[in-house]
Amino acid sequence: MKPNLEKPHIKILVIVPVLAGFWEELTKKELSKAARADTKIDVVGLKKGPVSIECEYDEVFAALELIEKVKEAERNGYDAVLIGCFTDPCIYAAKEAVKIPVVAPAEASMAISSILGEKFSVILPKIIGRGAYGIVKRQAKTYGFESKLASVRSIKIHVLDFIKMREELKAAILEEAKKAIDLDGADTIILGCGGMIGIAKEVQETIKIPVVDPIMAALKFAEMVVDMKISHSKIAYPTPPPKERKT
Amino acid sequence: MKPNLEKPHIKILVIVPVLAGFWEELTKKELSKAARADTKIDVVGLKKGPVSIECEYDEVFAALELIEKVKEAERNGYDAVLIGCFTDPCIYAAKEAVKIPVVAPAEASMAISSILGEKFSVILPKIIGRGAYGIVKRQAKTYGFESKLASVRSIKIHVLDFIKMREELKAAILEEAKKAIDLDGADTIILGCGGMIGIAKEVQETIKIPVVDPIMAALKFAEMVVDMKISHSKIAYPTPPPKERKT
Amino acid sequence: MKPNLEKPHIKILVIVPVLAGFWEELTKKELSKAARADTKIDVVGLKKGPVSIECEYDEVFAALELIEKVKEAERNGYDAVLIGCFTDPCIYAAKEAVKIPVVAPAEASMAISSILGEKFSVILPKIIGRGAYGIVKRQAKTYGFESKLASVRSIKIHVLDFIKMREELKAAILEEAKKAIDLDGADTIILGCGGMIGIAKEVQETIKIPVVDPIMAALKFAEMVVDMKISHSKIAYPTPPPKERKT
Amino acid sequence: MKPNLEKPHIKILVIVPVLAGFWEELTKKELSKAARADTKIDVVGLKKGPVSIECEYDEVFAALELIEKVKEAERNGYDAVLIGCFTDPCIYAAKEAVKIPVVAPAEASMAISSILGEKFSVILPKIIGRGAYGIVKRQAKTYGFESKLASVRSIKIHVLDFIKMREELKAAILEEAKKAIDLDGADTIILGCGGMIGIAKEVQETIKIPVVDPIMAALKFAEMVVDMKISHSKIAYPTPPPKERKT
Amino acid sequence: MKPNLEKPHIKILVIVPVLAGFWEELTKKELSKAARADTKIDVVGLKKGPVSIECEYDEVFAALELIEKVKEAERNGYDAVLIGCFTDPCIYAAKEAVKIPVVAPAEASMAISSILGEKFSVILPKIIGRGAYGIVKRQAKTYGFESKLASVRSIKIHVLDFIKMREELKAAILEEAKKAIDLDGADTIILGCGGMIGIAKEVQETIKIPVVDPIMAALKFAEMVVDMKISHSKIAYPTPPPKERKT
Amino acid sequence: MKPNLEKPHIKILVIVPVLAGFWEELTKKELSKAARADTKIDVVGLKKGPVSIECEYDEVFAALELIEKVKEAERNGYDAVLIGCFTDPCIYAAKEAVKIPVVAPAEASMAISSILGEKFSVILPKIIGRGAYGIVKRQAKTYGFESKLASVRSIKIHVLDFIKMREELKAAILEEAKKAIDLDGADTIILGCGGMIGIAKEVQETIKIPVVDPIMAALKFAEMVVDMKISHSKIAYPTPPPKERKT
């Protein structure tokens, strides 16, 4: 179980479930800083899919290639696969499809946050109507963290502007995080978007309460379960039988 | 608002989200018996997709064409669209995609059953592992009916054998329904599969408690909300903005 | 099951559980607009009872004649009975008393609203203290819709002034509905009084989210379950045995 | 606040909400043993009403005179009123009607039991169908004790046979109590009927866990709140305004 | 069961789980006013422990001597023991340790308040960070009263200043109680500190809703269960076996 | 952030909160196998305390020295502290006392298990009465994992016999784990005792669902949060102010 630094101890495939070319570089750079020395990380995007995931409709366009890549990860010997979007798209389908651990940002960051404090809030990018509030609340219900969710809030910056508006992004997250603390009773903050990667640390230094980066949380969670030689329950998420599935 | 029987008052598109050619005829026949005289029902299957939906993995293969057909239904002037599978695949994506009512069997049958008694049980086809138990329990949590769910049970007959094993199917449902009543405290039964269409009435006559056919429930729910000139909340499920979604 | 328009397909008795002479005409007029062509509606009030129901104390005075009329409805061949007050007075006693469907406005409008959005708010008439807030919250708990209830709000107009203050009533409902959306997170509105009949449509046109008229919801729910040949569970609500009950 | 034994410190009216002549004597005898020396207890039945309360339908027939007697109790200077039936009939209407404490057996025994252990079970008389199970479960939900309720069970002896079958009654309660402990995880037992008065002590001596007599619990709860000079919240249960209520 | 005023009917030991010398006199004086004539109350503090309990860390320093005194109470023939601090320190350990009733202020006042209204708020002394909010919310969860808790609020006065700032204390409690009613929907108020003893009555007279003094609630609850010859369930809280426990 | 293997990257103090001399060696051996190469683990027991923790009463005897050792860990430069008993004794007091992460077996293993499946069961050593069932259920409630808990079960072997009865222990755990799966619907198993360390792997290989070793889970959770530079929220668990706390 001791790491051999010559070849990686743990290999994790991070799938960013949107069109390739935008997020991979930043994600790889930030995750490499966070990963253990003996973890090898590969980051891939999609050839077919949406340019971003802001609603359940967008997930539909990511689903097929995402699930294909999850299966490839297992075939190619990865130890775990990380779905790199806070909506956790196809999380149960992916757990059915493979035996290696499938980890997703919302479930991992909620599980970690649930024991860091009494109540967490989730800060989202600019959203459409109230749609994404509902998505996060349904996640909290489905995953069993409903009693821990203080609130869901959103900033005014669109996810596709995150890379070029880094400073505005930090300021906007900080502002909503403070409201979550003062108005909603939150004592822990979850950043609710993969595109917010690399920002948690600075926000945490300012507000002095835990700020969880969801992609980093998922990465560390993946390293943890791989080390523990544990994966999701195959009684709960059984392998689909072969059958005709025309694509 | 008075029906004009010359042309249909209500037009409903029923999408059976599996490969076309197996279920449409039976579904149309049974729903036509149940529909009002002034309701016109069209039933379609998929050209691409799984041969059946038994797990969340199967849903991935149905998603793209299903959501396309939901949008077509709105463009073609249907008053409502019915997703004809008890897993309610893509239900939130579909509600985002269109403004006409989108009705699905699990949510409709749970909403109706919730006021017919104190506790309902869902009877599923033969399932893989315990996967589909989890799907139904997550549905009950997400839709808010968790406190009404007595149990989820399954029979030993595979969904693709339902049409040719009609009598065995009835007997098997009856057997599990009795267990649900006696062992789990259920006072209302929901048939948990679109393929069980047309069987509720006979089971109900035997066990003397309400037995809800989920596809029929969805149809009648659709007629009801169309009549009420009401649809799902577009604040909750806002229309996705145009963006690149490569397929 | 096809409607024969010569004689009604469905006969529903609407009991307005307050002293007769005030609400029957308006209720009949509005429900007739909403009903299907093949539904016959009769609306009756009470000879003994309160002039309005604003608290559980008032329900006590309506109970005896209300339950008597429920039983009469069954004896007289009605297909369903509708208790026309949002407090759903004697709803369980009524379900015990008869086998035909008993439908009530709060349970029907909550069941329908539960799948139109993520959270609904109820708008009440002018209330005494906070008594009626508690009544609605207890209903939501008892019926199992607690997780769907965003808030209960009340306007400043007394129920007995509704008929003569139609425009003020609309304006007041609109104002509270907007607060429910903006402050309480509601995405669906339930009008919490039988006297608000006929107003939902206009409010809905203004606020662009579903507004549910509870009496109309109960009517359409009744038509639906009659069509489905389904009624409440007699294991859950068994018929009372004969015994001495002195009146 | 010291009791003056010459005239009673506390006067409590116990209303047994069924036809007078059957339960008053036993109830008075048992409650007098349990009451403090400075508590005066009067027990009355109804002139109009059901011979027993086994379902919500029966409550309808008790309601009017019961609520009248509750108001009389206040007018006649009683310090508290106790509604002597485990269905707690008209409990909210009664709390609205008067300012003196209204105490009822189910709410009092559940409140007491909630801190005696982790889970309580309720043992009912012979019931009709499963109706009374639902009543008790709805009480637990409405009162907020749902998470403490292990189970509801019933014996085979009818409530009207309790007085003449005292030994059989004890044996039957004991049998179900043991099942509640062994099969349902109960660690505390509530006797779920006013007619079971005077039996708790013996059952408790046998099974060695707390057994709560609901009428005695209500009596002691009433003494407690009177001593504390506290009553139910009149914001929650406001006094009904004068209006026409024809009887 | 009749009280013999020559020797006390009920003997209750009140343990104030902080360093002796500060609270005993006031506590004894106020409880003696509230107790029945036939109840004898002894109040003791600790020789080792914290000067006040404001967090779970403080409880650690009170635990050993507190639990020792609980066992002594039983050995010395007390009928019940009352742990005189709203954090209910060591409540489950104490229930394990003895067979006589152990009553604590938070559990008793929540149990009583749960049937006085629909929602209660707890008013705390000045707190550190938000720590004590979490303590009270965890109590409500653990005891099963979560659905009844409207809010937890705190005043700006430190508990050790309560005795010398009696008037300011009342004013501060009153101010927060009003906010709890108006902003949080509370209809019942629990004073969340043993040091607030003797103040409830005046606050109640001003705000006209029930205000529960937690130490008095615990005393009256203790008298009640002793009278009922009932104690906590020893299946739920079994007596610890002898073993080495080095101190 | 890259580990420097010359000196440890992470230093964790494991406090086994019972009398020293029994568990340290086994715990150190097993944890060293599970830890990363760059993690240094020290394991200590208590000089004063109970020989084992089987109930909340036992925790009282561990509390003072345990909390002292937690503070020492922080002063001595440990990166995290692990409380090595499944009852998670003094978990909130410890979080208040220090700023470095405090991790405990029940909360860590429940957080991890909550996303491995739909329902987990906890297998305990031989217990006294049903006391420890209540402890685990209260933990699940307090930590927010109540909806994920399938059941709590116990084997017949006493914790102090675990080391010498290794094979019997495995067999007994396996037997109860199978019952948890078949009878209680569990799809994930948590070993509910620190003394069960080193056994999960073999059980998992037999039953083919995740089996979580709670001490190892806590260790890996500690490594994870240290890597993430995150700790518990100090708003939620604020540092106790200096004051007199006599010991």
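The first chain written gets the first letter, and so on, giving A, B, C, D, E and F; residue counts start at 1 in each chain.
One rule holds in what follows: a residue touches a chain if its C-beta (ideal position, glycine included) is under 8 Å from a C-beta of that chain, and two chains touch if they have at least 3 such contacts.
Note that the structure is a prediction, hence the values are computed from the model and not measured.
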Problem - Furthest chain, CA centroid comparison against chain B - result: E
Completion exercise
Taking each chain's mean CA coordinate, chain A and chain D are separated, in whole Å, by 53
Exercise for the section: Could you put a whole-Å number on the gap between the CA centroids of chain D and chain F? Expected result: 45
Practice task
Round to the nearest whole Å and give the separation of the Cα centres of chain D and chain E.
Solution key: 27
Handout entry: Junction residues of chain F - those touching two or more other chains
Key = 118, 130, 134, 138, 141, 147, 187, 234-237
Practice task
Quick one: label the inter-chain contact graph as line, ring, star, complete or other.
Solution key: other
Problem - Touching pairs - complete list by chain label - result: A-B, A-C, A-E, A-F, B-C, B-D, B-F, C-D, C-E, D-E, D-F, E-F
Exercise for the section: Can you check the complex and tell me which residues of chain F touch chain A? Expected result: 1-3, 33-34, 36-38, 107-108, 111-112, 114-119, 143-148, 181, 187-188, 201, 204, 208-213, 216-217, 220-221, 223-225, 227-237
Practice task
Under the touch definition given earlier, write down the residues of chain F that touch chain D in their complex.
Solution key: 130, 133-134, 137-138, 141
Practice task
Over in the complex, which chain E residues touch chain C? Could you list them?
Solution key: 118, 147, 185, 187
Problem - Residues of chain E touching chain F in the complex - result: 19, 47-52, 54-61, 63-64, 67, 90, 92-93, 96-97, 128-131, 134-135, 138, 141-142, 234-241, 243-247
